[in-house]
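Okay, so chain A shows up in both of these, paired with chain B first and chain C after.
Up next is the complex of A and B:
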């Protein structure tokens, strides 16, 4: 029973369209009824919003191409200035009906020229009696252009006095777009996110012909079970499904299990998927590296981009790093207590009591001047350290390794200020190698 | 024979429905061009008088039409102009220049557009003028035809008038109002704007040349009139080719306007915004459901349209978030409550999340920190979470100065 029906378009085309847009039939049918027949007027502007990979761009493109409606499709991230955007629309209009792509850009600086040239282009392409659709993808970038671009597009039908409808696609809700003095409100349409059933249905459509559909759906089921709580993005899930399928099929290929031995297959694939979540999903390693790893017989150590295994540092550098960490995460007034031999008691003032709650580890590292770093260094290293150029160059190498970072600009008169950018686990590992108990010296752990 | 009869009736219905859609869509979408005016008789008379003074008697004038978005300013003006053009004394005697603040973003472009609309490009040719005023005076001089002592009256319509106010020195406005005060050429300047405080935005010299004539459109109709407008906008005109169907349609509309549920729907919309533009949207949406199988609008069509129109968009977006992202949002809400709206960073949110996982969660798996970071970045991308502006080097900065500093491509 066909879901999409419309008197203006032949039922065969509509049936074809329906097969191309699974789980989006109600949105397509609403769009069809709003568009009406080819020459009928429609809303001057339509705003479609929905999550990433909820099918907005795909459905729009498929709909306009299948029904062969005259349209222009522009991505606002590609054409990031108003001039590029307007020229691209005009070029696509001119190239619309002709087979050969003429790359003759019409210079179009302002929206005023655009309105005039647009009307001329419609006449030259014989499109005056049909609705022309201008689709702007990633429309949130329109807010970054000049202030008149967005309101003018919303009113394009009125400004050009022609049968044109502008369609904006975006992830961000309309309330964030509305200009201060208001504008012509578009018709707002929501593309709901795919439910887990929908995702299952769409992903199972891609099954490779060598295996049965049931086998593949069982695999998709397992994949969704692991990833659904973290990711509902269809494109990401398709990518993960394609990458990991060969691993899933391994037991069947090696004749260790049959297609129906779900438990065995699950035990084989589940740890693999968990590892994928930490690496390929985060783009720590590329998909080609991942595939190579799957082919190897022994499971090797997967090193992501951010797994800095202990960088081997020289002795003084380790202490410099520890001193930097202490300087970043201890407030200045507590230095006396930790690093002097004879210190007095710290009076807990009202100020301190109120801010006891947020530990410094939550707020992030604070910047400190070079002098403080050296002072702490001298106090934590047992033997005497001479302030030679050696020490200073080690500080610079730490900055190059991005374990420290410079704060502020270079022309500060008081001297450079730094910030320590390593995590607690990392610094504890380093401190352990020099037998230094860093926890004793941290204010947050008192 | 029966089949043929059915085919015939469905054939005519198809044609008929298509006709209905065409007529009504044009009426609802092109209301600004040729719509009926509701509740604006006084304003219409005032405007028509004003325009007649210029076109027939050669007096110069200026006026502003002020009203919220969608209240019918363009419709009013277009209707008045249409009636004016049909008057005997005016036929062909009035020149019109239509400018729009969205298109003409600075005075140079505006001047070129004026030249183009007055068809004086050849006359101007490659002349270089010293100032804006000279150029404008030249244009108006060129309009004197033959041995006439005075030229044709010119009507300047400035749409989105509040945008012209932001041009440099308000040159265009100053010159236009100046000419309308000096009795050289009969010129009328009509501005349309949605800002009620437009007069405060004008510079002193511009304001003094403006005649302070204002026409307000306030959407001042009561619900009964709103219902009547609903009926009128949906009824088919008497010239509709298929009289039988038109009769059926119009009596259906009459029934609808008396239906309780339809009145509730309209009441809801009326409470939210009284302007006709929103009503037209609702009617367009209901109209798009009309097909051969469903030839008359029903109350449920209107209810569906109303529901579609009033969806809560943020709730929709939150509906599509993953469980992990919802957990992060809940963690942020907790932080907001505990710390009374103080700003937070990712580490704090992650800590809250960890606390939940360790104490109460049974079905949530403890995700790695980078995975949680990716979810957090997704929330940032959706603009559900926004970074606050740092209090910066210059405290107590006035907001418009701050905004100007932040905008890189400003056309102010």
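Up next is the complex of A and C:
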């Protein structure tokens, strides 16, 4: 019993469409009823949102392509200026039906031009009597363009006085879009996340020709058992399924197990998948390296990216970084206690002000002036440090390495202020290499 | 002339350094300028008149040829060092798009999402060296892999638009190289109008590859050099400095089109590959297929450079211990930059040839001998003035002394011989140093240093065999086990055989003899092994008392036992090494005429390379006598002289103030100091009203101080300025 029914389209096409969009039948039928027949006017703008890989782009593409509706499909990330976006739409419209390529696109700087050229294009392509769909993928980028772009797209039908529907696809909700000057409210459609059952169904659909559907579906079941907790991204799961399938088949290929031997296969693949979760999934090692690892009989160790966390720095750079860290995380008043010889005994409790009770490490680094950094540096380095040009240039080098960051105005004559951006673990590792006990100098750990 | 140059350079550093901070790249640029300017001024200086006195032209020519030699040599070394890394990268590129070329239709290939192959190139924090690495990398890729390379820098790409513009510009230009001249015009015209989008990039790629394909008969060379569909390589030189948004957008955009053209990214990373994860969220980094490549650490890099450039006889100029220490300290303490080290060495060359008239003899031995013949009388006098030569003269018999001091010909004869001696000394010095390093580098705790450069410095400093460290390392060497000792001896033999020294045959012979003796020992040991050792008796059943007794006996016997044959031999070996050290590793400044080939004014070098602008400025303003040398300014410490320039007075007064300075008080104090000397007669008129001239002078001084970055106007209080500098010098 077909779910999709519409008088305007032949049932065979609808059946084909239905097989292509599993688990999205209700949304598609909703869209179909909004679209209506080819020549009927549709809703001016439709806003579709849903989480990553909930099939928004895919469904729209398949729908428009299968029903052969005239449409333009644009990714807004790719067209990073409004001009690029508008021109891209026009180019696609002109190349839509006729294959002849236009030599050079007409420059289109403003929305006014766009409306004019859009009308021309519709006439030249003989599209006046049917609805033209303009799909803007990743529409959240529109917010960063000129203020008029988004509202204008929303009422394109009205502006051009033509039969056109704009469909916006986004991962965020409409409330985040609404400009404060108000605009035409689009029709809003939500694509819910795929449930585990959906995922199972979709993933099993695309099984390799060499193996039976049941065998593959059992594999997908195991895969979801491991990964569903951390990842519901369909694309990612598909990728992982393809990566690890050869390992799953190994016992079958070696004739150690039959296709039905689910338990044996599970025992073989489960630890492998767990390892994949810690490495490939986090992109610690790349998928091609993972594949090569699988091919090798004796799996050699490839160190992940985070194994190379150690950074080698010049001697004074290390101390500069330590000084910056101390300056960032210690209150200014405590400097006297840490760096003066005869500071006397000051207990932490009567030393603290109320708002300082929370750990500075929870609050994050605070900015400090250059002079404080240098003063701390001079007191933590054992031998005398001359304030040479090299010391100063090292500070800037640390900034370019993103270990420090400049705060506030960039007028450097005005006593620059910095923040230390490294983590406690990192600074402890650095301090250990120069035999400096940094914990003793941190106010939080007193 | 030189003074102008230095003033110019220093001024530049001052202005940029006092408050704004230089990055290391900018410093590098300055250093470059300094060396270029020095060479330029040197040429000028030599051309001016005084050339006949001290063979300036010849010196300049020698200096330049040496510079060139050093440059080409170091570049070659660096290329060799990078070879491994580049090979790995090229094979990565080959692998990454093999599937793209084959267009496989396999199931896994279809289902797997297409990731962008990405090489994370970890290059270390020495950012100044990266430029060279990237330049040679793109050269290698251009020659072997693909003509389509784009090098992007963060400072050119504040937004995705600029990035695309830069990318398209670079890629489309590089395609011109392949095309003929007519196409060039066409390309130039279209380039300005081209849309900065991925689609135009893909169109361009298709047309470019198609064109080269169709051109294959005519241009066999290009097609064979590059691959079938050459990948487009985009190199991000400094990954850390790119903004997150730009990178993310670029990755997302290009991942949409990865199926249409083969793109490979290379991220140049200075810190650690973790930066990728902190810059890119998981949704973006999952579009990448990241493989890690690590370059050689910069310390190893430096060791190789020192080993191949400084510890050879190849270059006539040598560095003294202090100078080398300055260069190494700058490297280890400040920048980790190998390029800067080489620049420093080049500066030494320039300085040496400029400051030392006898540096004309600082060239290859044959050439130097020839040059000795044509030494002028003046130059001969210069030789006689050298301290090491005087020492040499004093050690001669009196007739010889007179001859050396009066007759130029006999002096020249002696110099020729001494130069030859010096050369022989160097030829022997380096191999023996390496042999000693073989020994010391395997001792626990490295009393003489782990690196050969430390050993070299120790040997240059003074007689190494008189130091405590040497004594303790000999002690330790006497405790080495046999297998270590044998491998070390073998290494030494290898070093000595491969070195060109003339006197080594005998030493090699001796070392080989030691080796055969060790061999023999081994055989005798095996024979003796059968006899029952006392330890075996212990394994019998005994009670506690008996055990104690036997152990005591054992200890006793061991103490009184004579040295075994092996131990004797070991002593002999160590003593022999010791004798070699005493013979060959004499410090260079004990050698006559060492001044000619050793550059040893470390203070000059330190001034240039590790300048302290704030100190210099403070000295200038606080104690103007040190620069102006005017007798009137000679002051006795604390008091402020009114003869000093106005800015100095204002500066000294402002040192006594707090963070905010009241301008009225400051003016008051200023006028008091200035009028102090005019005596009681003057202050009658200006008791409460400050003279207009003094007022103007004060304003000028204050604005000069502001220009130099000591103070700035403050909005916190009216009539106040804020101090910007504190202590620090």
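Quick notes
Basically, the second predicted complex is superposed on the first by the 308 of 446 C-alpha atoms of A that agree within 3 Å, B and C clash if a C-alpha of one lies under 4 Å from a C-alpha of the other, contacts with A are read in each partner's own complex, and residues count from 1 in each chain.
Please note the rule applied: a contact is a pair of C-beta atoms (placed from the backbone, for glycine too) under 8 Å apart; a residue touches a chain by one contact, two chains touch by 3 or more.
What you see is a predicted model, and the numbers here were worked out from it, not measured in a lab.
In the superposed pair of complexes, A:373 makes contact with neither chain B nor chain C. Looking at the shared chain after the overlay, A:134 reaches neither chain B nor chain C. By the touch criterion stated above, A:400 is placed in contact with chain C alone, chain B being left untouched. Of the two partner chains placed by superposition, only chain B is touched by A:172; chain C is not. In the superposed model, A:239 makes contact with chain C only, not with chain B. Of the two partner chains placed by superposition, A:142 touches none, neither chain B nor chain C.
Looking at the shared chain after the overlay, A:361 reaches chain B, while chain C stays out of its contact range.
When the two structures are aligned on the shared chain, A:209 is found in touch with chain C, with no touch to chain B. Applying the stated touch rule to the two superposed structures, the overlap between the chain B and chain C interfaces on chain A comprises residues 282, 306. Looking at the complex, you find that chain A touches chain C at residues 52, 75, 77-81, 84, 87-88, 104-105, 206, 208-210, 235-236, 238-239, 241-243, 245-246, 282-283, 286-289, 303, 305-306, 308-317, 371, 374-375, 386-397, 399-403, 412-416. The residues of chain B lying in touch with chain A in their complex are 14, 17-18, 21-22, 25-26, 29-30, 32-33, 68-69, 74, 100-105, 109, 113, 162-163, 194-195, 277-278, 281, 284-285, 288-289, 291-292, 311, 313-314, 316-317, 319-324, 339, 345, 347-348, 351, 364-365, 367-368, 370-371, 374-375, 381-383, 409, 411. Those residues of chain C lying in contact with chain A across their complex are 13, 17, 19-24, 26-27, 95-96, 107-108, 111-113, 115, 117-118, 120, 122, 124-125, 127, 159-161, 164, 193, 195-199, 238, 240-241, 249, 252-253, 256, 270-277, 282-283, 285-286, 288-292, 294, 297-299, 330-336, 610-615, 709, 712, 724-729. Contacts from chain A toward chain B in the complex involve residues 5-7, 33-34, 36-37, 39-44, 49-51, 54, 110-112, 115, 144-148, 151-152, 155, 157-159, 161, 171-176, 181-185, 187-188, 190, 192-193, 228-232, 277-278, 281-282, 284, 306, 357-358, 361-364.
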